[in-house]
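Following are the structures in question.
Below are two complexes that have subunit A in common, paired first with subunit B and then with subunit C.
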Partner chain A sequence: MKYLGIDSVRPRIAVFELTGCEGCELQLANKEETLAAFLDAVEVVNFREISSSSSDDYDIAFVDGAVSRADEVERLEVIREHAKVLVALGSCACFGGVSRLKNAFDLNEANREVYGDRPQETLPVRAVSEVVAVDLEIPGCPVSKDEVERIVQHLIWDVPYHFPAYPVCLECKQRYTVCTYEVGLLCLGPITRAGCNAPCPAGGLGCWGCRGPAVEANAEEFLTTVHERGFTNDEIAERMSFFGGFEGLLP
Partner chain B sequence: MRVDIDVRHLARIEGHGNIVVRIADGDLKEARWDVVETPRFFEVMLKGKHFSAAGILAARICGICSISHCLTAVRATERAFGVTVPDAAARLRLLAKHGETIQSHVLHFFFLAAPDFLGLSSAIPLVEADPEVLQRALRLKGLANRLCDAVAGRTTHPVAFQPGGVSMVPEKRVLSAIRNELEDGLDDLHATARLLATFEIPDFERETEFVALRGEREYPFIGGRLVSSDGVERAENEYLEMTNEAVVAGNTSKWSSLSRESYAVGPLARCNLNFELLHPEARQIAANLGLAPLCHNPFMAHVARLVECVHCAHEAIRLVDEIVSSGDEPAMVAVAPVAGEGVGAVEAPRGILFHHYRYGGDGRIESANCVVPTAQNNGNIHRDLPDFVRQMVESGVNDDQRLELLCSMLVRSYDPCLSCSVH
Partner chain C sequence: MLFRILSRDRFRTLVETIMETTEVVAPKKVGVRSDGEPIHQFLPVADFDEMDLAHETTEHSAKTYFLPYRENLSTYAFSDDDWQQEVHYRIQPRAMVGLHACDINALLRLDKVFVRDHFPSPYYVSRRRNTLIIGIDHEPCEGGFCRSLGTDTVTRGFDLYLTDLGDRYFVAVGSDHGFDLLNQVGVAEISDRDTADYLEERKRIAGLFTTEVAVQNLPNLLDIEFESEVWKTWGAKCLGCGSCAMVCPTCYCYGTTERVSMDFSSGSKEKHLYACTVVDFAEVAGGHNFRPDRSTRLKYRYYHQHRGFVEAHDEPKCVGCNRCGRACLTGINPLDVIHDLQAEDEA
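On to the complex of A and B.
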């Protein structure tokens, strides 16, 4: 592959999964129009979900899922040692994701409830960056394959990637979606980082904030406006906690 | 003869599971299938959630069958509240289900299963070795994903399904375009059947009890009666009498049993129990590839998946025609929460899936139970293994490598989804 006349190397890529639904790595196999080109641009050396060959010699490691058991901490430390670039793929890896909701419950009780008198080993859910150093975080539940492809291109070209600083609202308006506030539904679009192309407001759900906070968001103004529309701090905080991306920013 | 097989984190399946087989002095000492996936406690996380969040959270149980989990959660909620969705919504939900079934089955066939039969470690070398097969796989998967995008709003983690109906109705012209693609997709599916006919399917049978929804007039996907091939029949609400989950040592997934020590769910179970309800062309492909009920060879699930893809493609075309020729009827009704319980049963790609919620009068979940397909299959995979190893050894397989591959193929034939199974 050439960019601006410069030859680039074909990076060796590995994909690993911790606690999650593996939906994020599934996105890597999606986007069928460009998959063959994608596989040409990179060399996939470790991707257990789709390949039985494996190698510890890789440049970029994509990790999806959160950390919730001791063996995952160990695996992650080994991955960190091998990888030149470690990418947290998806909201589970970046913030803990929906799994983080577990932390609000007493884990012994939760274990008894699900597994009776044979409790399973489990830890409070952590993001990947709470365990090892992370070079790049790609949020989303699931991640957007478009965005992942752009980021991989930037990694190949060694050019920094800049996430959109603006909020989901901008992309939502570009789609001509009727604002969910018009029909009385809460939406975190004004404070959530764009890059997903706002599928959830278009689906009538409103944004649930899976990509975490936008840099250019005005949280105070957001709160004032939604309070005016009759939503309480409890409702807003519950929504902001759903994917774990707004830790420490709850009203 | 001595064999020591230790597969840690089996590849080309969803999630983490281990195979152990030990033969010493010609005696089978041990043959195990253990699920070691990290548990996630969704049943606990669902507690206290508002009914509008149930489907959104439940979808995250599985990245491959998120549409099924979402629809099951929404159905359980609607049954708890006594809500019936409009026909327009039921049609769209079913159409999305067909997209998901094709997407999941095609992914499994080409990317997870076929490499074993083609002597490859993954589908990636096909980029050079057989680009035509890879292109066919990508066309079929792309088509299924576009169908899900159009109807569910997204392929993974749908955004269009809420209690009461469907909150985003696709444009008819988008559906018409997908209809044309589905017609072409059928040609690709027939070519795939010809490829499958060249695969050497291991000759193995173990008498098994199969459990699935039973369709009345149509091949079942959403709701209905629960039946087993041993003659058990129950209503949707009585699912606990079918599933009988138990926690087993060394496993983060539970196991199920009914009339025997274990039972199987999934495409083979559905075909076995609803064969005459398949589209005639799907039945024809089944006949060509040697699948007839009751089939007790778990490897024939590969055929059953392809047969279901053909059925779903035809059904999707029929549904699109119905939707395009219908008026713009409402696809959503108002939902008023009441205290009560509801069970939803849906045939996910990997088999029958149950969600059961108890709601308080405030519309929040008080307790939740989810019984997922792979958790029902794990016990059966485990019980297949020793019989399979014995039969293979008797038929002359005697090296570790070949036996390890065959055992891996047996597990993969169930298309296990272990993230799901430990939810």
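On to the complex of A and C.
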């Protein structure tokens, strides 16, 4: 395949899952209209959800999920050694995700709550970048396949790609969504990185911050304005902790 | 100006006649605020009764039907050693009903930039020329300061402009297309009573304005207050979300992105409206950001509205609709910002 007269290299890609729901991996196998082209542009050498091959010889590793066990730490270190480029795929890999909520509790208590009298070996939840060096992070719950495609194009051909720096509000406005605050609900849109095309506020849920903070998010003024609108610190902190992306900015 | 009288029934017939062949976009109720007030947007309507011409204002302006938030500028097909470009302009006719004077005045400002300036935009021109505009007079909206900017009335930029006289509309005819449409459904010549009623209604509406901003010497005031602390105070409140520029009827700044299809056989250039309050608005190649802090970005937003545009086009870019003020979650609004600058000047 050629692009602008230049022959392409089909990078060997591998996809791995740690602690998570594997939904981001499923996204990679989604978007049927361009799936064949996507699989033409890359060579999948290790991806349990779509292939039986399991090679350790790969260029790009996509890691989905958070780190919550000792064996995951070991696997991740091996992946890092093999991969030329390591991409954290999805909110769990980027921030720890929903399972990071566990860190607010005593580890043994959390273990008992989930596994009862059959406790499992577990660690406090960490993002991939807290364990090994990460080259690129694609946040989102789940990730947008469109964004993944553009990042793969960027990795293969240096097609420029920039994550949007602005908050979700701009995308809400662009799709004519009535502001969640107009109807009196909480929304993290004003401080969350856009790029998702704002489906959750359009669906009436408000934003839950799965893509983490926008560049230079004005968290201070955000907190002032949501307090003025009657939301409590507990409500706000609960929402901001949901995907683990706002540590350090919590009220 | 040519004036005619249109009965309410015939206005209905007129809109329904247009609907037979053309997409009609009009204010439509899309939700209810937590305080019980209705929320309106300009949206396509399939039926006359879907329109709500009694709307106070729309959350967004009518801008996006002329300057879409995202617009494909061209597509490219690659073959081995060559490529071909395709450009499409939107030429399908559309009718917009229920624009207020500020909305039409906003289009006249955009015309200055995209039709009459050095580099007309064929994308804008094709949409503007193929859009029929039927405006309507209305009582002032909350916080709107259009009267201060002289944009509460309008005498051009539309095909028809209606003033509601209760049982009938007093219609200003702005184009031959509008005139033809009126003749299709049947109109009456104006009588002395109609004119008197119209002038009375205009006087009544003008008397309802309570919001006022002194904008006369604003370009000079802005220069004098360039280093003012007012910008820091208001800038600290800015979330950098760009909502103000999105809902603004005249904000037209944009960026372009090139995309390549996943099979690398084609590409496209897409334009997307951007906002001057967003963190990377003034970031250039190499990474330097000319406006790295919120207060500078907010300041330059006001400078473009009330100073830069005046220099280039002899009037402020702002039409006083206060949509930005309503959309801003942290309460940044032109009334208070300009008032604070004036207070600073007097202190």
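In this section, the second predicted complex is superposed on the first by the 247 of 251 C-alpha atoms of A that agree within 3 Å, B and C clash if a C-alpha of one lies under 4 Å from a C-alpha of the other, contacts with A are read in each partner's own complex, and residues count from 1 in each chain.
The rule is simple: contacts are C-beta pairs under 8 Å (C-beta built on N, C-alpha and C of every residue); 3 or more make two chains touch, one makes a residue touch a chain.
Keep in mind that this is a model prediction, so the values were computed, not measured.
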Partner chain in contact with A:190 - subunit B first, subunit C second, else both or neither: second
Partner chain in contact with A:215 - subunit B first, subunit C second, else both or neither: second
Which of subunit B and subunit C A:40 touches, first, second, both or neither: both
Touching partner for A:244 - first (subunit B), second (subunit C), both, neither: neither
Which of subunit B and subunit C A:49 touches, first, second, both or neither: first
Which superposed partner A:96 touches (first subunit B, second subunit C, both, neither): neither
Residue contacts with subunit A in the superposition, subunit B compared against subunit C: B
Contacts of A:69 with subunit B and subunit C, given as first, second, both or neither: first
Touching partner for A:173 - first (subunit B), second (subunit C), both, neither: second
Residues on subunit A lying within both footprints (that of subunit B and that of subunit C): 40
In the complex with subunit C, residue positions of subunit A that touch it: 1-5, 8, 34, 37-38, 40-41, 149-150, 153, 157, 159-160, 165-167, 169-170, 173-176, 178-179, 181-184, 189-191, 214-218, 221-222, 224-225
Interface residues, subunit B side, partner subunit A - complex: 9, 11-15, 38-41, 43-45, 47, 50, 53, 56-57, 60-64, 66, 107, 111-112, 115, 121-124, 127, 131, 134-135, 138-139, 141-142, 145, 153-160, 162, 167-168, 247-249, 252, 408, 419
Of all residues in subunit A, those that touch subunit B in their complex: 18-27, 29-30, 32-33, 35-36, 39-40, 44, 47-54, 68-69, 72, 97-99, 101-102, 105, 110-111, 113-116, 118, 120, 122, 141-142, 199-200, 202-205, 208, 238, 242
Of all residues in subunit C, those that touch subunit A in their complex: 30-34, 39, 41, 43, 59-60, 64, 69-70, 78, 80-81, 236-243, 246-247, 258-264, 272-273, 275, 278-280, 294, 327, 329-331
